[in-house]
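You will see chain A twice below: alongside chain B first, and alongside chain C after that.
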Partner chain A sequence: MIDQGIKSRPTYEALRRDPTGRRHLYLCAGEGPAPDALSDGPLESWTVAPAAAEGTLRRPQGEGERRFRSSRQLLDTLGRRLAGERMGLRLYAEGPEDFLWDVFGIAQDHGLGRSEVFLKQSGTLARRVQCVHCKTFNEGVTTTIVRCAGCGANLFVRDHFSRRLSAFQGVKIDAEQPGDVPQAERAYP
Partner chain B sequence: MGIEFRRDERFRESFSYRNSDAGVLRFPFPFGEDRYMYSVNIEPHTRGGPSPAFAHAFDVDEHYVAECRERALVLADDPGRCQVLPHMMPAQWDTLELLMESLSADYPEHFSLTKDGDAWRWINRPLGLDQSFVFGRPETLPCPPFEYITRQAQGDFTLQDQRDDNLFVDGGMVTTQADWSLDFDIGMSFHEWHGPVPLAHDIGVFDRALRFLLRLQYGQPVRRLNWTMTINPRLDTSPENYPDWGPDRTTVTPENVADKVHLRVELQTLFRLPRSNAILFGIRCYLLSVRDIERVEKWRKRLHRVLTTLPPELAEYKGLTRYRDTLIAHLAAGDDGAALSPGIQPDQTALAARS
Partner chain C sequence: MILDRLIPARVAGIDSLGPTLKRFRFEPESGRFPTAAPGAHILVTLRGPERVWKNAYSLVTPPDQRDGYAIIVRRVRDSRGGSHFLHDHLRPGDRVEIGPPASLFPIASLARRHILIGGGIGLTPFLSYVPVLRARGAAFELHQYCTDEETGIFRELLAEAGAGVTVHGETSRRSFTEVLTDQPLGTHVYTCGPAGMMEAVEAAARDLGWPEAAIHKESFGGAEGGRPFRVTLARSGRTLDVPETQSLLEALETAGIEAPCLCRGGACGVCLTGVVDGEIEHRDHVLTEEERAGGRLMATCVSRARSDVLVLDL
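Moving on, here comes the complex of A and B:
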């Protein structure tokens, strides 16, 4: 059930510094630090405080380091930052899949090309799932079947992934035989 | 002589959809052999060939008016069925031009296009439209150009942008689809949007098809047939509305199988567009009930053979699993095993009365 043989899923490689870049920005949905393969030269590093910090923020001391209360806050700041950027920036993002493709989408909106953004999945495998019927996004899904927070349908989490939406597709599992809902399995811890 | 349109047809609720005898015989039956497997099966979209449905760039038939009305109903419920990414405006105008020029040249009794520089006048007689507008100026049309013209055409359309040696589905009008979502897939690359299709990836079909399409030339469109099955003559079998049409698949019985089950054929055409270098992909949908298929001896026998040899992965993907055995049992009696001619043509020019 976990490998459904669907080919729209991205694959990820370890982050490596792109020598053609002139400035390098590492974005992490967790606490970091940046992998050594990136740190061979000047690197800005944006990270996110753990939930245990409960909104408190200890600002890092290192050159080019920033810390955010949430990945949402990091992404909003990224949008403002890229609005004023010039050619030569390389982005390196590390975190759950929805975070990665949110970064990618923001980068695209600001004119960065596919070859200027590098992504590496880490941390939770939990999925953002869009209900194909009512279009509600269900965040942090760890099971093969999830009840849609929008329309209440029991959605099968299909391995079909949209980079634009940073989301997997959820399809009502018992559409043909209403009520015939198998036990959900924990699949994306 | 023009086409006689069946204006009262419905593709929902009452399902008052029928094919005339001529409509049955012009159906683009998709099986040229007794077995079916995925292949690239692309051929030049030249006029003529084994089905009258190939006679024009964009086929118009007796269901035209009713299908345009059905499209309007779907869009009223869900405007997201028509979306085009902002950078595709040149491809929108390319599409409008190609459809208007083709329809007016192929069906002059129903459509006319006159041009005075950029001042164009379009007349669509079956739908009662008379529109003057300025080519290249979206504000002179009642809606964006791609939506405007595809509301007046049968079948779905998508726009593929070509960049980075790939094709991206960056727009579409998708209201008569076989269970895929434009709203979810828009912006995807060629392999991404075909991701859910089983088996074909592993035998290299999509690699070859993409390489072929990247080289598609202006003025040399191509076509292929694809197929699935649908319960009731329902055009909108979208994933969005699957909770509403999915239960139909459990309603097939030996008594109603011939009337409920329809073979759904997509005549897929691909046109390189001149200004944008994008590709217009037409997905023209034809529905024919098993009862009408049975009136053509060759098609009746061949459909039986294709279904009995269909790989289970394909039956599952096409959603046939629940009623396939019922359908095969029904068709078995009409197949004596005699050899059939290769190709899709019906091999007869008149039909027996409906059984």
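Moving on, here comes the complex of A and C:
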């Protein structure tokens, strides 16, 4: 059930510093730190530590280090930052797939091209699932079948991933025979 | 789509723009010319008394203009003769054949802002960019670099191009680095002009961290002459001589061989031909370093021989 043979799924490689860039910004949906392959030179590093971790982590020390309370806050800040940026920047993002493509979408909206943004999946495999029927986004889905928070349909979580929406596609599983809903399996820990 | 039929046309008018610059206007014998793309060029077939030239020139007319095409040509001293023929012999009313327009220098559709850098007569493709960029409401700057004597000519050509245009003479010109510094994300640079200038633009952009995808070069005018050499065609066993002022492609055409070509400037790769023996002097912008080193392929439109004889797989 997990490999549905969809070939358009993005694949990810380890992050490496792109030496053709002049300024480098690392974005992590978790606590970091940036991988060594990025750190052999000046690097800005934006990480996320949830409010619950307050007081347990050391304060950011290095120049260009920032810590956010949520990935949402990081993404909002990124948009404002990119609006004033200049040619020569390279972005590196690390985190769950929905975070990566949210970063990519914001980057694209501000003019960055495919060769200026590098993505690496890490952390939870939980999926953002868009219901194809009511368009509701269901966050953090770990199972093969999920009940849509918007319309209540039982959605089969397809491997079809939209880079534009940073989401997988969920399709009503019992459309042919209402009520015939198989047992959900935990597949995306 | 690439059409390959030649279009019969007539010289509708010739305008002298400066001591070495002329604009040639063509109109179709019948019907209308095809719509071009911004940055497109045409192959003009010129039939002189002793030889035939097929030269590529950028269209300077707006891409949607179909009742007439125009090109601007500089009379160059050490040319292979095409520009001399155009300047000295072509008259209004003369018949020419024109290849359908092809564009190897398109406007990047994802770019947010466009910096066009022309050098001398390398301005020509940008003359067809400007009306398109203006119609799209696109953000752009055009920087034209030229000699002090020609600033007036180019200012006049660009009179209607709008506010983003700067013509730089030799004195107090802005460096490419200054032009390219502090440009917002999503800016693309396009350059057309002498090879050295285009390399300098590319180097300045790279130095500022611009990705390759944001740097565009038009690589025309690569077909310079060189040492004469002899060519043997392996399949037909024919032998022909390539004189100093002719390209290998022209020599093949003179011998009646229908060799493939499109840009005639070493940019498109359509003319790549197998080489069986001999040493190649590569001058194209298509082959990779590995392919060059392999010595088994060459662009007949610009590249020449280092050895006295080349054996081609033709």
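Note that in this section the second predicted complex is superposed on the first by the 181 of 189 C-alpha atoms of A that agree within 3 Å, B and C clash if a C-alpha of one lies under 4 Å from a C-alpha of the other, contacts with A are read in each partner's own complex, and residues count from 1 in each chain.
Simple rule for what comes next: a contact is a pair of C-beta atoms (placed from the backbone, for glycine too) under 8 Å apart; a residue touches a chain by one contact, two chains touch by 3 or more.
What you are looking at is a predicted structure, and each value in this text was computed from that prediction instead of being measured.
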Original post:
In the superposed arrangement, which partner chain does A:Arg58 touch: chain B (first), chain C (second), both, or neither?
Top reply: neither
For this session: Considering only the touch criterion stated at the top, classify A:Arg80 as touching first (chain B), second (chain C), both, or neither.
Result: neither
Comparing chain B and chain C in the superposed model, the one touching more of chain A is B
TODO: Name the contact category of A:Gly111: first (chain B only), second (chain C only), both, or neither.
DONE: second
Could you say whether A:Arg23 touches chain B, chain C, both of them, or neither, answering first, second, both or neither? second
Query: In the superposed arrangement, does A:Arg186 touch chain B (first), chain C (second), both or neither?
result: neither
Overlap of the chain B and chain C interfaces on chain A comprises residues 114
In the complex, chain B touches chain A at residues 164, 181, 183-188, 191-196, 198, 201, 239-243, 246-247, 249-250, 322
Interface with chain B, chain A side, in the complex: residues 5-9, 114, 130, 132-133, 135, 153, 158-165, 169, 171-172, 175-178
In their shared complex, chain C is touched by residues of chain A numbered 20-23, 82, 85-90, 110-116
In the complex, the residues of chain C that touch chain A are 110, 112-113, 180, 182-187, 206, 208-214
